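Down below are the structures I want you to see.
Below, chain A partners chain B and then partners chain C, in two separate complexes.
Right after this comes the complex of A and B.
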């Protein structure tokens, strides 16, 4: 029963959602809406699960003094402060805003993320110099396309290579579109076949592993 | 080591220094390079331009601080456009890691410039987890997904939301997205409910949205800082009084221009050194002769 009930639930809900897409009977639509509400609630429960996993991982690292255990202390302390302020905010503005939480978010988290992503510009320049080598025809096509798009996407490109903007539009609308469409169709077919396997109980990732 | 190999093995700190100088100079001395607009951005601009005070635009903040430099200017420009034309806006956030802060920040920056009133001219619904389910649930009844706004006021007590029940009352839904959330708006909200959708995405994500744009599942696409700069340019051209306010992305394009040029020069230099060192190795091999 421990196996059959989850598989039966997955089969029934999966089949129902597919059928509901094509049927507009009020009973089906109403039940489908209830499933959406249930999904929102279930998704919210993923958050506490993530918190437990995060705390388990870092407390183990701290307890065993593993490599980077001091970073784990910072992670756990940051989590504790942000979560506490998010749940019980002692500083609330006249407009009802959480002052402490937002202050930490705006002055610590946002600049840290900005710093990390700003470093990409330096890394890309260095990597372009060292690794972007025209070793064969494919690499040459890639490099020429990259240079055209890089010029076509900035205002100065008009002065350096006047047709770059038009060429960029063509690259985006023809070769890029063809490749993206192929990838998307492939991924969609893969997702559909995986969904069928889950509905039929052949794959059971929700039970902690694949089926036999 | 040959001459070419020596020059090619340049210390990476010089590369970093050049990029830093290239990024800093246009900030200190703005170049004011002209911005060319593209049909994908013009389409969204023209759609909003066709709206009046009876219309409603839905703006979903589906990104966090990591994408803010590219997407914040889009949000500000679209909000300014709406408030200038009297178009009412329903704001929400579906990205957990900072979406609500991005939405609140943009509203704080822009609403102060206009005489707009929360609840009448715009409403901020706040954040809700479960993006796809929220999008589906909002189709007929937004209050089923967001029973209250971010202040805790029930939607039925908010004047704007008394007129807006679901997608049928929304003129266009714009998602400013990082990751996959923007795709959900195109392949779920548009495909399943027929809602007109436009997406503002980071430059690195923009190429994948061309499939939805060409398939007619989106009416417009703002790609990266360039897309934001184009929207600002269109806004400044149509409403000269906004020229000084809508310029963050346009100024950013000066920086991007110089940094792109530096990267291109490095790519070309790297290849010149590569070809030179390869021909030197070939010549040296020729002198040694066959073993």
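Right after this comes the complex of A and C.
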């Protein structure tokens, strides 16, 4: 019974969502939207589970003086400060704005996010350096195509290689798009096949593996 | 005479609405039947699938419930019950489900089903073995999306296999999560895998832990973990976005063997460049069949291949017809 109920729920909801895709009846559309709302509610209920896991994980690290335990202290302290200010804000402006919470969010959290995102530029440079080393024919084709596309995308490109803009357009719209569509069709079929396996209970990854 | 007239009139007053109800019921049933064709096909196959045979009764109930729903709605909106513009999708879905069920039937009869080698999946054992030899941990990143994303669900299948291997070898495993629902699912999957491997005592809840809901804070945590603790093996399998290359490059710099897998087109080049093995698109979804070698799941992969072949034929036919100026065929498949 413990195994059958989740399989039954997966089957009923999965079948309903498939049917709802083809039906425009307000009751079906409404129920489908309710399922989406249900997911949000379940996520909200699961969030305390995440908070408990976070605190347990870092408490253990600090207690055992594991590698990076000082970072765990910063994580727990940051969590405590932000959560406290989010629940009880002592500094409220005349417009009712939570000054302390928003100040930390705007001046600490947002710049940290931007810093992480900006790291991507350096990562792309180091990955490109590795990828464009000409070791075989495929790597040579990759490098030549990349050079043409890079030149075609910058204003100076037309002076260095006049047909770079037209070549870039051809590379992006013909071989690149064809490969992308091939992958996309395969992935879409794979996803649909997996969905059918889950609906039928043949595969049960949410319960730790394949069916019996 | 008066009583006869009253009797006839009374009968007519009862008969006409009765006939009207019957006609509209037949009309509704006919339309509902066409709409529910896809669903009914799934329900039919339920009774043919042993693991679901005990659920067949419940499926019938759900069918009745759906017919009831259809009836209610055809009365309210008679002209727009079925999305005609999605007829192409319904036909493809019906053919797709039929092909999968046919191959599952073949698999149940013991027909040999070949599946090509997938290097990324063959490398799983090697990658876990390397971590065991080096005495370092295996890091498994299930992507940044929730369990409503099919890539995350596929990732859970691979996580189950990896956890079974780490349990068998006694290797340390860590699964940091961004989404609380994935945390709950991954914990259950890992726990089940350790039990299946006969090592429930090795399982610790802390192996599967929660980091944060923010994308870049999660990325920073993973990057730090890879740099400080230097796991021997990193699995980056699931749905990834801008963080993919930052994580993969951090793992590469730390000298880990990396197996990645995603169906996000924009992230695939990053993984191909920075990881040792990459599961591209459909390979991610085929992983459970490849690793478990379950005949029923293998059958569904073969069915998928048949549909792929049919799609290639349709694309070529569409291309030829469109070139000859007959655009209706291509239009039918490109509507909606």
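Simple rule for what comes next: the second predicted complex is superposed on the first by the 168 of 212 C-alpha atoms of A that agree within 3 Å, B and C clash if a C-alpha of one lies under 4 Å from a C-alpha of the other, contacts with A are read in each partner's own complex, and residues count from 1 in each chain.
Throughout what follows, contacts are C-beta pairs under 8 Å (C-beta built on N, C-alpha and C of every residue); 3 or more make two chains touch, one makes a residue touch a chain.
Keep in mind the model is a prediction, meaning the values are calculated, not measured.
Enquirer: May I ask you to decide whether A:102 touches chain B, chain C, both, or neither, giving the answer as first, second, both or neither?
Expert: first
Enquirer: Quick one: is A:158 in contact with chain B, with chain C, with both, or with neither? Answer first, second, both or neither.
Expert: Only chain B is touched by A:158; chain C is not.
Enquirer: Which partner chains sit in contact with A:173 here, chain B, chain C, both or neither? Use first/second/both/neither.
Expert: first
Enquirer: Output check: A:147 vs chain B and chain C. Expected answer is one of first, second, both, neither. What do you get?
Expert: First partner only, chain B.
Enquirer: May I ask you to name which of chain B and chain C touches more residues of chain A?
Expert: Comparing touch counts on chain A for chain B and chain C gives C.
Enquirer: Touch test for A:113: chain B only (first), chain C only (second), both, or neither?
Expert: Both partners.
Enquirer: State which residues of chain A lie in both footprints, the one left by chain B and the one left by chain C.
Expert: In the superposed arrangement, which is not itself an observed complex, chain A uses residues 21, 39, 42-43, 47, 113, 116-117, 124, 126, 128, 130, 180, 184 for both chain B and chain C.
Enquirer: So in the complex, which bits of chain A are touching chain B?
Expert: Those in contact with chain B are residues 21, 33, 36-37, 39-44, 47, 96-97, 102, 105-106, 109-110, 113-114, 116-117, 121-122, 124-126, 128-130, 132-134, 143, 146-147, 150-151, 153-158, 160, 165, 169, 172-173, 176-177, 180-181, 184.
Enquirer: In the complex formed with chain A, which residues of chain B make contact?
Expert: Contacts found on chain B: 10, 12, 15-16, 18-20, 23, 33-36, 38, 64-66, 68-69, 98, 101, 104-105, 128-130, 132-134, 136-137, 144-145, 151-152, 192, 203, 207-208, 210-211, 214, 224, 226, 253-254, 256-264, 266-267, 269-271, 274.
Enquirer: Going by the contact rule at the top, pick out the chain C residues touching chain A in the complex.
Expert: 35-36, 38-39, 42-43, 45-46, 49, 51-52, 54-55, 58-59, 62, 66, 69-70, 72-74, 76-77, 80-83, 86, 89-90, 93, 96-97, 100, 104, 146-148, 150-151, 153-154, 156-157, 160, 177, 179-181, 183-185, 188-189, 191-193, 196, 205-206, 208-214, 216-217, 219-220, 224-225, 228-229, 242, 245-246, 248-249, 263, 265, 268, 270, 273-274, 280-286, 288, 292, 294, 296-297, 300-301, 303-304, 307-308, 311
Enquirer: Spell out the residues on chain A that touch chain C in their complex, using ranges where they run on.
Expert: 4, 7-8, 11-12, 15-16, 18-19, 21-28, 39, 42-43, 46-47, 49-51, 53-54, 56-57, 60, 67-68, 71, 112-113, 116-117, 119-120, 123-124, 126-128, 130-131, 180, 183-187, 189-203, 205-212
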